[in-house]
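My questions will all concern the structure given below.
Residue numbering begins at 1 within each chain, and the chains themselves are lettered A, B and C in the order written.
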Amino acid sequence: MARATTPRRKSINTALAWAVGLLIFFPILWTILTSFKIEAQAINDPPLFLFFDWTLENYAVVQERSDYMRYLWNSIIIAGGSTLLGLIVAVPAAWSMAFVPSKRTKDILMWMLSTKMLPAVGVLYPIYLLFIKLGLLDSRIGLVIVLMLINLPIIVWMLYTYFREIPGEILEAARMDGATLKEEILYVLTPMAVPGIASTVLLNIILAWNEAFWTLNLTAAKAAPLTAFIASYSSPEGLFYAKLSAASTMAIAPILILGWFSQKQLVRGLTFGAVK
Amino acid sequence: MATQQSRSAARLMMAPAVILLLGWMLVPLIMTLYFSFKKYLPLRGGDLGWVGFDNYVSFVTSSSFWPSIQTTLIIVGGVLVITLVLGVLLAILLDQPMWGQGIVRILVIAPFFVMPTVSALVWKNMFMDPINGILAHLWRFFGAQPVEWLSQASMPSLIIIISWQWLPFATLILLTAIQSLDSEQLEAAEMDGAPVLKRFWFITLPHLSRAITIVILIQTIFLLGIFAEIFVTTGGAFGTRTLSYLIFQRVLESQNIGLGSAGGVYAIILANIVAIFLMRIVGKNLDA
Amino acid sequence: MGQIELKGVTKRFGEVEVIPPLDLKIDEGEFVVFVGPSGCGKSTLLRLIAGLEDVSGGVIEIDGTEATTLPPAKRRLAMVFQSYALYPHMSVKKNIAFPLKMAKTDPKVIEEKVANAASILNLTDYLDRRPGQLSGGQRQRVAIGRAIVREPAAFLFDEPLSNLDAALRVNMRLEISELHQSLGTTMIYVTHDQVEAMTMADKIVVLQAGRIEQVGSPLELYRAPRNRFVAGFIGSPKMNFVEGEEAAKHNAHAIGIRPEHIEVSTTEGLWQGKVGVAEHLGSDTFLHVTTAHGVINVRVGGEMGLRHGDTVWLTPDASQMHRFDAKGLALA
């Protein structure tokens, strides 16, 4: 075991780490603080840190101007829907790769990951055209499908690494015990895989929530999620820092809260199970 | 290690994922190839017939092509170097005993949750604005002339913004890897008389190689397609037009589908070169 | 019930033939142990019987009906795995009940059978715990419990004791033997430990490279090994082999003599040697003696005051000597 750290050493570590941590977090903190200021104070020089006239006005203005709830709802449906759909397709695939590996399993995994490298712009117009033809442009279902497809390789890959950690003997035991394939997946595999599936789901919701190429290019008004909502604040108009901050806070708050609450699963998920 | 029965069931269960991805890859790819050989201007006459390799030639000979490649590589490379170097240092720092480790970790991860459009907007307006941005205040405080970040130092600015977004990811993966390092190895090295820096160089860093590979792979995949950050901040101006963004402009802004598609094919080829290269490394590193 | 017969069973992984054509008959109620060095194909053979691997050729019959292509669940066999393979998310009770639940047994009957199995295996107090909260020996018993409740035609054990510490292994060995006595069900047991094979088996099947070297009761194998491999594998410490001149005196290519069949004297005997290492166990003394015919291991009952470097004389008991030809086969 390690030797005891001296309190001095620990204090220095703590101070340094907190300083760096706060520095990295500062842009978010500043955005949240600014969202409670009135516009004039938002650009005050020197910047006002905590001693300003706190107000909720900006949030009301943003909701009124842009109908935040509609965008939020779209984001939830698109992120949740694409993740759910992705799971339905990926769980069986990852199961078979992990437990019935063949010589080609590795190649298939690599190929799947390589589709992720296809530059989105390279196929933007065809997808755009297909969406018009299929009447999917500016529809939530269209985005659900596209985001499911772009994140599918990552879902499969993550689930595969988690499933591989489950000892094969347990599944064989289930088979000996008379479980059918369906029962084996339902009663044995799924409960054991729940932590891994949870991490996968979380990471995918975050990726889908923050996806900003297809959501910007394939939606107009009806199906636009929060990425588009915030992009509408990109052209400056007079004093707008406080409102921009309020809108930003509203866009990132749900995922920030979700992320912090599920930090542990997420850290596992973020490493794609590849680093232990 | 399985029976025939489970093998055919496995194939069946893999089919939906494989077919979907195959379709997702092939259909648009074939359409892009098709358009790339056409003069196709939806707003100015539509399909104007086959033009052979004209689009390919004019895309490459356009004055924006090589700069866009250069920009792409600088952004990807710059962000990778910054996030890896800072990530390793930060991971080592966070691995030390301290008070409030959990909270610090939360603070460090936070940027990863921020959607790219938000982080680009916040950085652009509230930090890099030459009049009202925090950085301008800071510069003035020290009596310096505020920098017009996004026009005068557009590339460093973009790299800072993107690095801020990806640093948490790199740090987390590297931290997880460091925590898995068997402390006996380091103790053995210490007994063998290796000083701190040598221990880092010969024990810790090699142990991290697998994690570093993952970081490079995942980040490159996402960085090659970086879009929202440029879209929101510079709109491709001031030398920040990446290959992706150039194609985006050809397709959506000038509505020249043929030319854009040819560019798309180039982007796909570039991505494949990078992919083959990466897959080699990853394949080797993941076998263990 | 519980008679298993293999006829010309083979197994190939790609080009590699791990089990050449093999015939074996296991009678009802027998305790059969497959023993051999690691990689000899004993686990594969068990998995073929279980149905967890497809045979590449040949026929497997269970109770006279062909089962070659039956899925594992339909063979009425229960298996205890090396890693126990307990379901970590289920309580002990649910683990044991799982096969019954899969067979859609009446919940009341399940309750009864689980309680019964738990009392046989001393698990009654642990029924609501998860496998993670149990010790190695308790996990092993849960795995056995899961097998018992199915009332299978035969039990298959795949190195079930290799993850336990030495003391516990001896205990579990006894428990499994007792279980066999009381249930009377056929058991097939795979191990690389010849002590387990000798102490538990009615019939031992010695395997090497997928081939059956010899089948017989423990004492048959001990007294009349068919070849040098079996002779060397069965018995501990290992049999000594001497080749050359000494063997030629007995009209053999090699002679084998077990350490317990050698007389040690400090004054006279057939072979002179020097004591290398002497292991004093109290009940026995193991001597490693360097002689002109190589290092000979000797087992002496009780304590013998010999030390490193002492000169001794060894005399093998000629009536207990095994003779082998150049191919390693035993000579009558």
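FYI, contacts are C-beta pairs under 8 Å (C-beta built on N, C-alpha and C of every residue); 3 or more make two chains touch, one makes a residue touch a chain.
Just so it is clear, the structure is predicted and the values come from calculations on it, not from any experiment.
Looking at contacts between chains, the pair that accounts for the most C-beta pairs is A-B. Among the other chains, the CA centroid farthest from that of chain B is the one of C. Remark: the per-chain Cα centre closest to the mean position of all protein Cα atoms belongs to A. Here the CA centre of chain A is 16 Å from the CA centre of chain B. Inter-chain centre distance (chain A to chain C, centres taken as mean C-alpha positions): 53 Å.
In terms of their C-alpha centroids, the spacing between chain B and chain C amounts to 57 Å. In chain C, the residues that reach two or more other chains under the touch definition are 52, 71.
Across the assembly, chain B contributes 1-2 as residues in contact with two or more other chains. Contact residues on chain A toward chain C in their complex (touch as defined above): 167, 169-170, 172-180, 183, 187-188, 191-192. Within the complex formed with chain A, the chain C residues making contact are 50, 52, 71-73, 77-79, 81-83, 85-90, 98-99, 102-103, 146, 150.
The residues of chain B lying in touch with chain A in their complex are 1-2, 6-7, 9-11, 13-14, 16-18, 20-21, 24-25, 27-29, 31-32, 35, 90, 93-94, 96-101, 103-119, 121-123, 125-127, 132, 134, 137, 140-141, 164, 167-169, 172-173, 176-177, 180, 183, 210-211, 214, 218, 221, 224-225, 227-228, 231-232, 243-245, 247-248, 251-252, 257, 260-261, 263-265, 267-268, 270-272, 274-275, 279, 282-283, 286. The part of chain A that touches chain B in the complex is made up of residues 1-2, 5, 10, 13-14, 16-18, 20-22, 24-25, 27-28, 30-31, 34, 43, 45-47, 89-90, 92-93, 95-97, 99-100, 102, 106, 108, 110, 112-127, 129-130, 149, 152-153, 156, 168, 181, 206, 209-210, 212-213, 216-217, 226-227, 230-231, 233-234, 236, 240-241, 244-245, 248, 251-252, 255-256, 259-260, 263, 266-267, 270-272, 274-276.
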